[in-house]
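First chain written, first letter: the chains are A, B, C, D and E, and each begins at residue 1.
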Amino acid sequence: MMADADTVSSSDVGLPPGTLRYTGEKSDGPVKITILDYDEAGLTEKTVQRVEDCFPFKEKPTVTWVNIDGLHEVDAIEHIGRHFDVHPLTLEDIVNTGQRPKLEDFDGYLFVIFKMFYHDSDADHLKTEQVSLLLGPTWVISFQEEEGDVFEPIRQRIRNAKGRIRRMGADYLAYALVDAVVDNYFLVLEKIGERVEDIEEELIADPSPETLHVIHRLKRELIYLRKSVWPLREVIGGLERAETMLIDQKTGIYLRDVYDHTIQVIDTIETFRDMVSGMLDIYLSSVSNRMNEVMKVLTVIATIFIPLTFIAGIYGMNFAHMPELDWWWSYPLVWLVMAVIAVAMLIYFHRKEWL
Amino acid sequence: MMADADTVSSSDVGLPPGTLRYTGEKSDGPVKITILDYDEAGLTEKTVQRVEDCFPFKEKPTVTWVNIDGLHEVDAIEHIGRHFDVHPLTLEDIVNTGQRPKLEDFDGYLFVIFKMFYHDSDADHLKTEQVSLLLGPTWVISFQEEEGDVFEPIRQRIRNAKGRIRRMGADYLAYALVDAVVDNYFLVLEKIGERVEDIEEELIADPSPETLHVIHRLKRELIYLRKSVWPLREVIGGLERAETMLIDQKTGIYLRDVYDHTIQVIDTIETFRDMVSGMLDIYLSSVSNRMNEVMKVLTVIATIFIPLTFIAGIYGMNFAHMPELDWWWSYPLVWLVMAVIAVAMLIYFHRKEWL
Amino acid sequence: MMADADTVSSSDVGLPPGTLRYTGEKSDGPVKITILDYDEAGLTEKTVQRVEDCFPFKEKPTVTWVNIDGLHEVDAIEHIGRHFDVHPLTLEDIVNTGQRPKLEDFDGYLFVIFKMFYHDSDADHLKTEQVSLLLGPTWVISFQEEEGDVFEPIRQRIRNAKGRIRRMGADYLAYALVDAVVDNYFLVLEKIGERVEDIEEELIADPSPETLHVIHRLKRELIYLRKSVWPLREVIGGLERAETMLIDQKTGIYLRDVYDHTIQVIDTIETFRDMVSGMLDIYLSSVSNRMNEVMKVLTVIATIFIPLTFIAGIYGMNFAHMPELDWWWSYPLVWLVMAVIAVAMLIYFHRKEWL
Amino acid sequence: MMADADTVSSSDVGLPPGTLRYTGEKSDGPVKITILDYDEAGLTEKTVQRVEDCFPFKEKPTVTWVNIDGLHEVDAIEHIGRHFDVHPLTLEDIVNTGQRPKLEDFDGYLFVIFKMFYHDSDADHLKTEQVSLLLGPTWVISFQEEEGDVFEPIRQRIRNAKGRIRRMGADYLAYALVDAVVDNYFLVLEKIGERVEDIEEELIADPSPETLHVIHRLKRELIYLRKSVWPLREVIGGLERAETMLIDQKTGIYLRDVYDHTIQVIDTIETFRDMVSGMLDIYLSSVSNRMNEVMKVLTVIATIFIPLTFIAGIYGMNFAHMPELDWWWSYPLVWLVMAVIAVAMLIYFHRKEWL
Amino acid sequence: MMADADTVSSSDVGLPPGTLRYTGEKSDGPVKITILDYDEAGLTEKTVQRVEDCFPFKEKPTVTWVNIDGLHEVDAIEHIGRHFDVHPLTLEDIVNTGQRPKLEDFDGYLFVIFKMFYHDSDADHLKTEQVSLLLGPTWVISFQEEEGDVFEPIRQRIRNAKGRIRRMGADYLAYALVDAVVDNYFLVLEKIGERVEDIEEELIADPSPETLHVIHRLKRELIYLRKSVWPLREVIGGLERAETMLIDQKTGIYLRDVYDHTIQVIDTIETFRDMVSGMLDIYLSSVSNRMNEVMKVLTVIATIFIPLTFIAGIYGMNFAHMPELDWWWSYPLVWLVMAVIAVAMLIYFHRKEWL
């Protein structure tokens, strides 16, 4: 899912534009369609099997939210698209999961596409999913690759008539969905923050080549996250400024709020990136420091013994005329000399702080 | 406080916008509300317990400054908000301490949020606090996380009727508060400047792995500071250009002055960043230089003794026919040869500047 | 083909502008001219030898696509140019294969030039080819350096009347050609993605100096690709915004789609660049890590034996008075002492994690 | 003077804006005020003690240049300020020597502030001084921290009526002063250029850790210079575009010329920065190269003698049954074998270019 | 010529603007003035000694090209300047050879200044020369530091009435001159491209410290080239957009073409810069690789012999009671043990790929 290169697979090339082909992970389960239709007075909620069941809601004055989990049933999506007058290129983007976050303003609807991230705690890495929104005058259609629970709190709010969501239009619903996704980014960043702290402790306590790989994986996930969030900023900024009847003046102020959150997400990602590249420096210099310490100690040991071995070598020579060999005090004296040399070197190395 | 990732905690996600929840450090003390109400003629100053006590000042033509220390009593803040017609999103931003500095122009008031920094001399690191300002036609409400003394000089100026503060409106008061915060940045930078100088001396005198950690901590604080000051530039630039009745033409010139100060702060931060990254280079190359020197000296010692030990080894051999062994001059000659070799190598290494 | 410096050869300098000289690889084969003329009702397809054969199609109301494979017959191209009122500078750009992607708006036609990439699987490197398009009111002329099959699917779509291509004008055909080229980039990126993954596995399994060269070649191809795709973004953006009668409103939406794809291509290239520079770091640090490990082990071995050799040297001395030499237990004791020293050092090194 | 952090000292914080406090180096000497009043016809030049002496010149139609050396007499400056209707914030900026170069357009005058650099040949480092200009309709007031001779040539030109300075207004005088300062930058850059060349020669001839410190000091001075010259560009660009009656159309063309010079200064600084960072690379790699050479030679010496010592060790063993020991040719043969091994290794190392 | 710092020499500072002083290399030869006067019908070509000889051509309706080789006769240039109503600042720029490429629009003429590069094949480095153009309604005056042959092909085209140059005005002539200079850049880049390839081969075959210096010199030349070509882009872009009567609509399309070429030059320079910095990485890592290989081999040799020498040392001890010494098989056994140890270590090192 993190691999970018396969977003457009070779089999796609040469197809006419507007051809629908799902490019995400294949799934066999049925597409799940849930409908929430509400206004201040009442609420209808149902899960349907056939896409046709959501058609009647299009013309109703109440706000309708159609949520579709699973993009592999391309026919169903095409069917919805035709009924809601969605442009074929939009449908192509919805099922092609390699899209960059973007906002497009079509006649009759706004089309927003972005990425949702989950922290997969089993594999300890990021999972990503593409979410698309279609905002019409009285309806919002959301498409997800898999069933997720990020939108569940919004469903609850609608059911409980909590907050202002039941009193406002489809644009506010779209805002609420985008807001839920952006808030979810903070969760992901929190997890990453924890990993950053873990790595930093590991770096001080016990840096290993494994640490380096963890740092690089983190760096890469940040590259990927950044790539998904930067364009989101433009998307939300675009929503805020959009000259369209579909978004009410009153919702604008809420969009500005999500916009601020997005910038905060970007800021945090950039800070993490700075931290991670600082970590790499610390890792490299601490590994090299430790290595240097080891080599220094070993070399000091060798350096102390080499002159001593030389002295021993001297008196191991077999010359006939070596007067010292016959002296009584020679042997203890040699030991003494050696001890003096060794101690002198140790003191010298210690003073020079080589030990 | 320096950790960014926990600015939005997991418990927040999914709440409807405008829900107030304080995200800073919990505190049990009561919220402290101080009111300063003044015009050129007179001054009223009082500390109140209940937020309702500051409501009567709203409609008075005199300038009223309500300062609130402590954000944990969310109800009180909501109460004030309702009375002063503050938008729920603004209140949410005030109590959520992970905000990015920003300026927002609402009907009836301007909302400014920024960061204050203190240098905590005990822990020798930066502490940060979020400060929010609401500027209405005749009133300024300021929110701080903790009691601080940065605004005290302004209080003194108002009490003493020193400077032009008593003759001017609420916008000038807001300017004075922002100015106090920016001036405070210079104090923080001065401290950082001292630390930079300390580290530089340490780098030349005695670089240690500890130095590296200090450099990295400094680097990180600068990243954090920078992140808080860059948006402040836009905030103050925005105040200066704001097309609002709330800011008088005459105050604009003062805002331009704070703007210049902010740019100076940014410049100084950038210079420190350049210096700190230069330090890292110096540190790494001086550590590697010292290491190299050590290894070189040790290797030179070993290199001198290895050939000598070889010679000693030669005459330690037990061949029956080794004529030199029986010569009278052999032993002193071997010493001489060894001395000559050692001196020759020393001279050679010295000339090559390896010693 | 990857070498940029020879795009303008010395023989060119000083020629008057508009002089045609083909600068690509020389080829002896004839230039191949294929004509597709179609409208919703019918289709004419033929391959001609003489350029004059495509002149009659210029004035026909049907859409005409003239595709020219091979640029070495400069006279033929000049002949076409004259008939279709093409500016000499445009013709010069078409045959000069060192052009940067660009869009130029002339009276009567739009001129688009860009690069096509193939992954040459034999040599495992990128091949590039210059493609130019002339878009007139009812005709498109495309120029390629070599015969390629990237446009084949479009020919098929025209023949089969599949998609909307037969119902739309020359501008839609031009769009389809550009789209085919951009889609082809995804294929190239897919190949590069595979190579990136291969290198990453190699980096973990067995980094060699060869790996370094592969990384650098990849880096260089990415520099080159990037250089060709960045300006393409402006080209397509320019087509989208072009204030010209030649491009219909309805085609604009498709151009926006290609534009999005181009940005995706750029994003992917940038991500690959980030990855590749991360690889370089991993390579260097893993090489240095392995080297350090080797040196450490070797030095540890030496360090253990040097003191032992010293002890052996001591008892190899020939002093007359060395009481230990005569003791019965000396020899086994020396072995014991040596074993103790060796084991102690091993334990110490192990504890310090030097082994 | 190079330290930025202390530009705003702690004692400043909390003062009302417009409070004058000199922040540069304290000086006891009197402030020196020189007046040059001229038109095409005549010239008055005098040095006064009291600031009041320059007041009468304000209303005269002739061009008046008041130059003030020394900023420590804050009262005098305040006095001038009041008489010439200078805003308190301007006066605060003049005496606060930590300002960033800037241009401000007030009612009745333009205010320009910038940095002057001297190369202090004793200490071989840069000195900096803040210079401010006030340009009124018929007068220019210039403030310097110390007496300098950069403006002397302009005084000479005025005295000699050389060039067009006597025929033109106060705006041309202001231009001439700015031009003198920018020209002075070239002198400073020339000195830096010489130092760059010196360091480069040193780098090739004999790089030492000292060189590294010199490179870093140079790098830092360039950071500082850059920080002062970049905003100057905006200042002069601003003067050129300023919509003010104070600057005549005719002077504009001269300002464009200084603007070009400023860009040249910036270009040269950037080139020096590139060169200096290239130097760092050369330094590091040449130090590491030399170190490597040393270690290689030493290790080669050790490597040659270690096997030889081993052979000597073999025949130093005391086994009862070692037939070689008794052979006549053994000893010379061992020498021969050793010589062969040593020569073979030398040849091998030489071929491998390790020596 | 490559040294930037001396573009403004100390003797210049303080001179009034508009003072002419030639700052290039002094030359004694006479200034060479050549005049080409032509229209579609006829051509006059002559070489004159006195500048006055070209004055009559100013008012003629035919296109006049005055080319001046050599800038050291400042009086002559001043004389021309006065006759053609050239602003003193323009003349100052012409003779001051340290100018940055720029375009200035004066009353009555356009002034263009840029750099010409030659590859000096003797010294194998870049030479640079400043070229200035004055474009009046019917005349072009070009100034060069030395006689060069870059403009010769244009002279030939005018003489031969080849291309459209004789049919078009002075603006087309100016374009042709600029085009000749930009085309010449391609020649220089071609040479640099060859050097890049040479260095790359050297890097793979036999990297030496010399290679590093060559890389750095190349890097520096690219910095310098880049500095001269980037502003040229603005210059030509400015010419293209210039709202002046001096440039005809028809010439605009040709200027766009030179503009494209300039961008191609910039692109190529940037690509070379990327390549050169990649080279530095390859150089450093290949030098360090080779060094590591050497050290590894040497250390392996030492590591194999150190344990063996230890064993020899053991049996060189002189203990009275060493039973092995008297055994018959001891000596051959020791040899065997040593051989086994050595082979085992070799196999181990080989398996670990340390050899």
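As a convention for this text, a contact is a pair of C-beta atoms (placed from the backbone, for glycine too) under 8 Å apart; a residue touches a chain by one contact, two chains touch by 3 or more.
Quantities reported herein were computed from a predicted structural model and do not represent experimental measurements.
Under the touch definition stated at the top, chain D and chain E share no contacting partner at all.
Hopping across touching chains, the smallest step count from chain A to chain D is 2. Comparing the residue numbers each copy contributes, chain B and chain D share less than half of them at their mutual interface.
Chain A maps onto chain C through a rotation of 70 degrees [Cα fit, steps of 5, range 0 to 180]. Separation between the centroids of chain A and chain E, computed from CA atoms only, is 43 Å. Each chain gets one centre point, the mean of its Cα atoms, and the points for chain C and chain E are 27 Å apart.
Multi-chain contact residues of chain E, defined as those touching 2 or more other chains: 288, 295, 299, 302, 306, 309, 313, 316-318, 322. Chain-to-chain contact here is organised cyclically: the chains close a single ring, every chain touching exactly two others.
The ring of chains, read from chain A with the first step to chain B, runs A, B, D, E, C.
Residues 3-10, 12-19, 87, 89, 98-100, 102, 104, 209, 212-213, 216, 219-220, 223-224, 227, 280, 284, 287-288, 291, 294-295, 298-299, 301-302, 305-306, 308-309, 312-313, 315-318, 322, 324-328, 330-331, 334 of chain D are the ones touching chain B in the complex.
Chain contact summary for the complex, chain C toward chain A: residues 152-154, 156-157, 162-165, 179-180, 183-184, 186-187, 189-190, 192-194, 196-197, 204, 253-254, 256-257, 260-261, 263-264, 267-268, 270-272, 274-275, 278, 281-282, 285-286, 288-289, 292, 295-296, 299-300, 302-303, 306-307, 309-310, 313-314, 316-322, 352, 354.
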